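Structure, as structure tokens:
By written order: A, B and C. Residues from 1 in each chain.
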Amino acid sequence: MTLDILTQIIASGLTLGAMYAVSTVGLSLVWGSLGMLNLAHGGLMAFGGYSAYYAMGALGLPLPAGLLAAILMGGLLGALTYHGAVRFMLRQKAFETNVVIATVGLAFVLENAVLKLFGAQAQRQPLQVEGAIQVGNVVVPLQNILILATALLLMLLVALLLKKSRIGRAVRATAMNREAAQLMGVRVGQIYALVLMLAGALAAVSGVMISSLTGLSPGMGADPMLKAFIICVVAGLGNVYGAVSAALALGLIEALAQFVLGVRFGFATLLLIVIVVLIWRPNGLFGRQQVTRL
Amino acid sequence: MSGGLEMANLSAGYLGRDVLHELSLSVPAEGLTAIIGPNGHGKTTLLRAISGLVPRCSGAITLDGRPLQGLRPDARVAAGVVHVPQGDMVFAEMTVLDNLLMGAYLPAAARSAKERLEEVFALLPKLAERRGQIASTLSGGERRMLGIGRGLMADGRVILLDEPSLGLAPIVIEQIYALIAQLKNSGRTLLVVEENAARVVELAEAIHLLDDGRFVWSGAGAELMARPEILETYFGG
Amino acid sequence: MSWRGHLIVGLLSLAIAVALPFVFNINYLVTQVTLAFIYGTVVTQWNLVYGVAGIFSLAQMALFAVGAYAAAMLGFYFGWSLWIAMPVAALITVVVSVLIGLACLRLRGPYVALLTLAIAQVLYLVIVNDTDCYTTEGSGCLPFFGGVRGLTRFGELGFREWLGEDWRLGNYFVALALLALALIFSAVIMRGPLGLAFRALRDNPGLARSRGISRFKYQIWVFALSAFFTGLAGAFYAANYESIGPTVFSFSLLLFLIAMMTVGGIGTLWGPLLGAILLMGTDEVLRDYQEWRDIGLGLLLVFFVILLPQGLVGLINWRRERVD
């Protein structure tokens, strides 16, 4: 019996963690390379979810096309974020905080655009697979396995891109030292746009995943975004690899907390954990102390 | 062939204040040109103006007759300007190999990165040994060599070196200057900025003394040695 | 601007504000301007934290809510008169704010935003998710914090008895007094040692530290001081509407108030107030296009942050400097 419960918790915890990882990596990349806290991330998730919904529901396209629609929409919105707002602000003295305000504005635009386009009522995400498999006495839906597999594949692709490709190296170099990267011939604006597009696409995919379990609504991104922030903070903002492990850990903790404490206070518990972590280690669990030079 | 790096009436600086005042300088297409002068008088700003990192800049800069002014930093790298910045601006959390590959970032350089990497490793065998090591774990001298090696990967027309001996132990400075001499002898164009004139003077064909954003003296290395009063005035002996 | 300049602008605005309800005695107008005064109070204090001290806290609406809930609960559970409950609620808000300030002490820019957002969210979730009945008197099951429906029937300010038909004017003038005090308070702080210390810390942190200006000490002070009027504004908000619910935590309201500061001019004395009045006015004008309101607000915010990060007051100052 207890083993079954444990299997259940691990299965749902890993699914949660995988979804969180996909959205968190984007957020973390954006922070790491631009020093930008993107509060429009939740709006991107919602747009991704609804793009798949529209492509499969209204246009009747098959499942891969639904996912592709979300990826394209996320990338497009990321590019718009850069070319419509961020690039004009890079030289501002208070960039770090001004850009947060700008993304708060964007978040509002996105959420209300979804509201206008699709209405306020909750919808079912048509991007679903039916069926389940049996693990011991526990039934694990195929949908969860699909989510886990997609998430792992995406993480692998992102890791390969960052580690092995020329452009990925430039992304890392820009994050470490923007000026030195420029001296290597890196066009920083291009890298920023690329990072925002990548983050947008990842957010959109995670939006599809999340909505396939919880359904679609214009404000659906708010909670997962807050969770992604929590994970980023626990891992230390900008620490991409830490973010993946923290995402899986928090997914498991959340599944456990829901089982032990009930659904109502699971999230509040998570938030309390963040508050404690931030007070205890101001740069995140894996973050390093920032040295301020005078 | 004439050419090289030419500057005419170059003024540059930051936020409403010029640090350089209408400089003119010509760096011949071959050999080593040195700019010396006390700290805080515009040496670094001059190099940053050439590579396009200074927000405020007027006047003309050409490389082999091609105008550079108005180009973004990346376009200047593509045009052949390689700037090895002051201090250890290596990518601290990347491996030595990744740092070197970043040096060959632009498509033209990336295509011949493999051969260039072999050249750099032959020139700097230490880097070959440590290719898998994270840059921040290198010693100060090794980091400086990595910075120069990374610059060589770009296969540029002219290499700008900003204070290559800054903050290093005397024995490491010897190694760095041995490397600079090697680079010079292999026919590369170098523009070296130093506060500490002693080492660079021996290698330089031409020396320019920069004080308060203006050139106050120009000549050959031997001439400078013969004018101790200049060294006395600007460097206190 | 000189002291005299500020005084003239202040007295002129005050005269207009006092005359307004007598010239146009329209209930709706009076109610909305009262609300604008409340929001104006909140943003002038938020501006002390963000604009003057440079701490990007998003907990300010949560503090407003703390003040509102504290006043309502003191009235509801203990039957206190709101006139006593309001200042007590403001003091409770100060305590909560100091705790938040302590938690934020070692954090840098965006981490502060995240932590304060998380704290606000915890408070919201506790209020909304607690569905156990604390009392079943009156209208049936009521959670301790009132749950999703919020709290009502915790007393009123007594203006109906005193002013009859014109009771709204009572609230209007209380709000005006609140705003005026908050504004004077923030002017004193900006010009006083706290404002100077933060300017020093911002312009030259090294020098400031070597002169013994401790960021920690001043940061706690700014959290404490700015919380008083924020909490008082929240308490008065509850008293004004005679109800309070979790909607005060809404992202939309947070955005609205950030927009006020940004549009008016972050870090300036009059900017946040100007922004509050302008945005409340714009909101009214766009009432017929309600569905576009939020998108418009979002775009406006992006527009200002890109083109006029110093806000309208910043623009005026900049032009004056150019003329000088």
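As a working rule, a contact is a pair of C-beta atoms (placed from the backbone, for glycine too) under 8 Å apart; a residue touches a chain by one contact, two chains touch by 3 or more.
Note that the structure is predicted; figures quoted are calculated from it, not measured.
Asker: Using the contact definition stated above, find the chains touching both chain A and chain B.
Answerer: For chain A paired with chain B, there are no chains in contact with each.
Asker: Using CA atoms only, can you tell me which chain is the most central one in this structure?
Answerer: It is chain A that sits nearest the middle.
Asker: Could you state the distance in Å from the CA-based centre of chain A to that of chain B?
Answerer: 42
Asker: With chain centres defined as C-alpha means, what is the inter-centre distance between chain A and chain C in Å?
Answerer: Chain centres of chain A and chain C, defined by C-alpha means, are spaced 32 Å apart.
Asker: Taking each chain's centre as its mean C-alpha position, how far apart are chain B and chain C in Å?
Answerer: Using C-alpha averages as centres, the distance is 54 Å.
Asker: How about chain B: which of its residues touch chain A in the complex?
Answerer: For this pair, the touching residues of chain B are 51-53, 72-74, 77-78, 82-83, 85, 89-94, 98, 101-103, 105-106, 109-110, 150, 154.
Asker: Once bound in the complex, which stretches of chain C touch chain A?
Answerer: Residues in contact with chain A: 50, 56, 103, 106-111, 113-115, 117-119, 121-122, 125-126, 129, 131, 205-206, 251-252, 254-255, 258-259, 262, 291, 294-295, 297-302, 305-307, 309.
Asker: Please name which positions on chain A make contact with chain C in the complex.
Answerer: My answer: residues 31, 37, 84-85, 88-89, 92, 94, 96-102, 104-109, 111-113, 116, 222, 226, 229-230, 232-233, 237, 264-265, 267-268, 271-272, 274-275, 278-279, 282-283, 290, 292, 294.
Asker: Using the touch definition up top, name the residues of chain A that touch chain B in the complex.
Answerer: 166, 169-170, 172-173, 176-177, 179-187
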